[in-house]
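Below are the structure tokens for one structure; questions will follow.
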Amino acid sequence: MGVSLQDINRTVSGEIHLADVNLEFESGSRNVILGRTLAGKTSLLRIMAGLDRPTKGRILIDGRDVTGVSVRKRSVAMVYQLFINYPSLTVYQNIASPLKTSGIPKSEIDRKVRDIAGMLRIDDLLDRLPAELSGGQQQRTAIARAMVKNAELLLMDEPLVNLDYKLREELRVELQDIFSRRQAIVVYTTTEPTEALLLGGNITVLDEGRILQSGTTQAVYRNPATVKVAEVFSDPPINFLGGRIQKRTAVFGQDIRVPLEGDMRNLPDGDYTFGIRSNHFFLSKNGPTDAQIQAQVELAEINGSETFIHFHHAGDRLVAQEDGIHPYRIGSAVTLYVSPGCLFVFDPEDNLVAAPSVDRIHAKAV
Amino acid sequence: MARIELNEIAHSYHPNPADESDYALKRIQYVWEDGGAYALLGPSGCGKTTLLNIISGLLIPTRGKVLYDGIDVTGLPPEKRNIAQVFQFPVLYDTMSVFNNLAFPLRNRGVESGEVDRRVREVADILDLTPYLNKRAEGLAADAKQKISLGRGLVRSDVAAILFDEPLTVIDPHLKWNLRRKLKDIHEQLKLTFIYVTHDQVEALTFADKVVVMYEGEIVQIGSPQDLFDNPEHTFVGYFIGSPGMNFLDCTLEGNVARCNGARIPLDDGVAAKGRNAQGKIELGIRPIHLQVSSVAVDGGVPANVKMVEDQGSYRLVNLTLDGKTLRARVPESEPIPEDQAWLVFPLEWTRLFADGRLIK
Amino acid sequence: MKIQKRTIALCVYFGVLILPIYWMLNMSLRTNADILGYFALYPKDPTFANYIKIFTDPTWYTAYINAMIYVGMNTVMSLAFALPAAYAFSRYKFIGDGQMFFWLLTNRMAPPAVFLLPYLQLYSTINLMDTHMAVALAHCLFNVPLAIWILEGFMSGIPKEIDETAFIDGYSFPRFFITIFIPLIRAGVGVTAFFCFMFSWVELLFARTLTITEAKPIVATMTRTISATGLDWGLLAAAGVLTIVPGGLVIWFVRNHLAKGFALGRV
Amino acid sequence: MEKWPNNKAWFLVLPAFIIVAFSGIIPLMTVVNYSIQDIFGPGEAVFVGTEWFKEMLGNHRLHDALWRQFMFSGLVLLIEIPLGILIALAMPKRGWGVSASLVILALPLVIPWNVIGTIWIIFTRPDIGLFGVGINSLDLLEVPFDHTAKPIYAWITLLAMEVWHWTPLVALLAYAGLRAIPEAYFQAAKIDGASAWATFLYIQLPKMRGVLTIAVLLRWMDSFLIYAEPFALTGGGPGNTTTFLSIYLVKLATMQFDLGPAAAFSLIYFLIVLLFSFAFYQALLNVGRGEKA
């Protein structure tokens, strides 16, 4: 089975929610739609589910036009941000509800419900009402209900966003495992780059209703086509510094000079924007050509297992990342290093012209 | 400004608590030093909000005493304790202007109007609220509203401590950073005692100099963020701090070696000696970031199988199986990952032993 | 101390609230001669004669039953018509929705006296005069809009993602509405039923005008008895007491939803 | 919450529309019909245009009734709203007292409106009523109390009855509004050292704005439409001093059979009510908007 979106547009009272969206989803594929809040992710899912109709464009399933087909007649399942369950039904009845409308024998329903409940580890909660469950358990119930009927299209709209981070971490890993056992096309929206990376598969980066880039998740992460994609697909935010290339040397910030390596040596002189991911600012010198930046810590943000060091340089707000948890006082001085192999280079039109090659990053360690 | 002392505090919501399990808080003993930035961190239901309400005076504990600068205030209501509190969602006087909102606590205490004006402007300046002073509070964005709530605490020159109850819950993610920074700045500037309740490790670890981790009504560890990460004193802290959390393996000790099923993991002599004397269930713990993965057999390496690799961009999470147990290792972007067979090295200085959940030390 | 003062004030108020009702109860337990004979704070010689008369005289007790019938009919009708309409207002945007909603509410605010004459004519024309249906139908004028208003408030509190989930799960609309949605707003339906009951039960003008004998309710019987029997205070009081009983019972059943109900689901 | 645009929703509204239209629009048409004709008997009518409207608009008895009506509704609001708020504030917040208070409060609301009249006749009569006998035994009044004796007595009795009957509704609404205020507001007020009065003024009153608007709207409308209670209690007397709009209209229509003028009057009456409903409805919508912003 395959789903194809052709020229999808959606405008609601003059506001453009989606513009010229063309996408193909293959059977059994895992797809992430990444974008900030209001980028049009939910609109896209709702159109795919058949809950909303596109203003313009068609949706084909296996080559058949289903644009106007009612949601009841489609083989879809959806999980929302909010924990949506039928409050008056028990967990068991909730999970069984999509099967009851399809006329499957009772014993078969029972088997399927217990199966999926086991997979999501809510098999001991089947007699409870949703209101008696924790947020995590409620969302597990909603996911179980979406999974139980083996829909061909499984849509998940930021399903983990309202959970505590520990629960989010656990469910993410479990979901990945569960998805891999399914034949359905999974479409999963998120605002979080780390979540997108973890789920892998294909990614579509959406911004203001338009597709900025699609491809395999790793390829897009390594080669963001534009400044905007790099921005959306980085957490903490990727650092941008305006500058120029002069005689095979990148010059940016307060006179930071980095001699270019490899293919980048072929770039013509001129103005460029340089992008450096936060984890590519190093606290120690790795190579003889590394450039050095002196900075004052503005805030050290501690995110689980990393420390994000926020600092200012030449009027830009930058972030560096250090593994582990380390105390930094506001205002203390740090020295950071930039390696030539870790630069993203964008032309004045904000399009990517060179990216660090994975080989080069790996080679550095040896 | 005050030093807050919790003396043998316990609290139960049952009228006649029978046993341990009826208590939402079990015997808390702690001193909050004047001018500290504290965070109370724990999952929902761990008792952190109960503890906060006992400090603020909204709840009277079943047992124990609360002392402010040595004076017993256990029975005093919040208004007599000189504390300020910022709630989960912004609590404002909708019909008043921002200025009047900020002035409200001072006017209620009969401060003369010149002084009120001076204090309000000072605080508005610190919080970047000056342009809004004459606007009605109702129409402002959530982050500005939350700053007003904080401002109502800051205007009072006599305030002993400011308590925060998950104050960033309703703030847009991209604005949280600004507010966190602001809080940190204000603390540096004013040196007030801040107590910050949250279930979010990022907020707690970023904000606080000292983090109090709570679990099932008990304080399981108090320490600096780095302490909690490097030296968790309880398996819960190991699990809760860091993403992903610590790896734990059930094991038995044989001399200086921990046996986990078939695998033999060498330990530090001192740790192993103490471990042999400990009672209860023994677990070995190591953080994914400290677990080293090698593609060739190395001295002291434990063979394991690579099951799955999750590429996180700046690093990879490698899921390995070691005699049926799953372990996770965090490998930097620049390091290679073995295809199938791997050898795990447990660095002695980062390998911890826990007995019944508590660190053996 | 402050709390005590408040409580005392509240108790005094409740005393005042109960007093007139108590006085009627007092009267109902005395005979007319007794009432007119001397003044007493409580019945010195309580008698159930008035109640016995009401329960044995068919003009009284059928009037009581009549009222029950049309109130019940009206409550069921109001709910049946209001539920789908309220759903439409809470979920959909459609041409003229705002105007429709306002128009419906204006009917709640129309003076019943305005409609009195045309009703006489209308119901005579369609041969509904003096039937339970006539009163039940007439009361729909204010009860259906009210029910829509209250139910819409309750329904808007239910996230519409629930509806969508049900449609994705393959439920047809009627099946979803009956098996999933209505149970979700149970409290709202209860409160709405209470209000419909209440307004239909207390209404006098339509009930009196549209009935002659067959469907005449107790409220109308009472107004006519004042002139007919030359003011039998005891009997009147007993009838009055009996009209309070059903309302009291209904309040008791919905007491837990009362506070929210009176805010019409809009708090 | 964003609503789904779908004109098929009309099918769900249609049954309700039909039944209300049957009771609301058809009779209204009849009224309009009457109002522009002079009816002598069945099938004998002459078109008279706006004559009845002119006549009614110039009718001093209508003016008097309208004036009385405004006076009465205004007084009712002035007494019931503050009193209702006070009661709501005094009510318990938890425990068995909540249910008990709610049940007692709701009791007057389920009593048929003419029985309310009966109750108050029995209660205030100078011969058998507790209030009547009680007040006269104090011997304070020049003319002994009897609600039919002096217009002022009739008014006091009517107002007392109205306040007795409907203040509970205001109190219940206000109570529901109060209970919806999150506890954190009161905690913050305590911490800020606010007095009870300041808490009321800056937290409780603003947060009750929505329900209080509903209360004002309902009380204004219903007191404007009042019929059964004064009809049972005073029948519009003594003289015409308690003849409100509804009572006058019913008198006009059923006792004098002046169908044309009565119909014209009905429409004027309806328009007045509509005008106010609309104003209140707009106010209500604005309140809702204000809370969301």
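Order of writing sets the chain letters: A, B, C and D. Residues in each chain are counted from 1.
In this section, a contact is a pair of C-beta atoms (placed from the backbone, for glycine too) under 8 Å apart; a residue touches a chain by one contact, two chains touch by 3 or more.
Treat the numbers as computed from the prediction; the structure is a model and nothing was measured.
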Under the document's definition of touching, what chains do subunit C and subunit D have as common neighbours? none
For subunit A and subunit D, what's the span in angstrom between their mean Cα positions? 58
For subunit A and subunit C, let me know how many angstrom lie between their CA-based centres, rounded off. 56
Flagged in subunit A as touching 2+ other chains are none
Per-residue overlap in subunit C, given as positions that touch at least 2 other chains: 159
Name the graph shape formed by the protein chains and their touching pairs; answer line, ring, star, complete or other. ring
Taking the top-of-page definition of touch, could you list the pairs of chains it picks out? A-B, A-C, B-D, C-D
Using the touch rule from the top, collect the residues of subunit A that touch subunit C in their complex. 49, 51, 70-72, 76-78, 80, 82, 84, 86-89, 97-98, 101-102, 145, 149
Can you check the complex and tell me which residues of subunit A touch subunit B? 37, 134, 164-166, 169, 176, 191, 193-194, 197-198, 200, 218, 221, 234, 277-279, 298-305, 310, 321, 323-327, 330, 361-362, 364-365
Once bound in the complex, which stretches of subunit C touch subunit D? 2, 6-7, 9-10, 13-14, 16-21, 23-24, 27, 35-36, 39, 41, 77, 81-82, 84-85, 87-95, 97, 100, 102, 104-119, 121-122, 137-138, 140-141, 144-145, 148, 156, 159-160, 197-198, 201-205, 218-219, 222-223, 233, 236-237, 240, 243-244, 246-248, 250-252, 255-256, 258-260, 262-264, 266-267
Could you pull out which subunit B residues touch subunit A in their complex? 43-44, 172-173, 177, 180-181, 184-185, 188, 199-202, 205-206, 224-226, 228-230, 239-245, 287-289, 310-315, 330, 332-336
Note: in the complex, subunit D contacts subunit B through residues 182, 184-185, 187-188, 190-195, 198, 202-203, 206-207, 290, 293
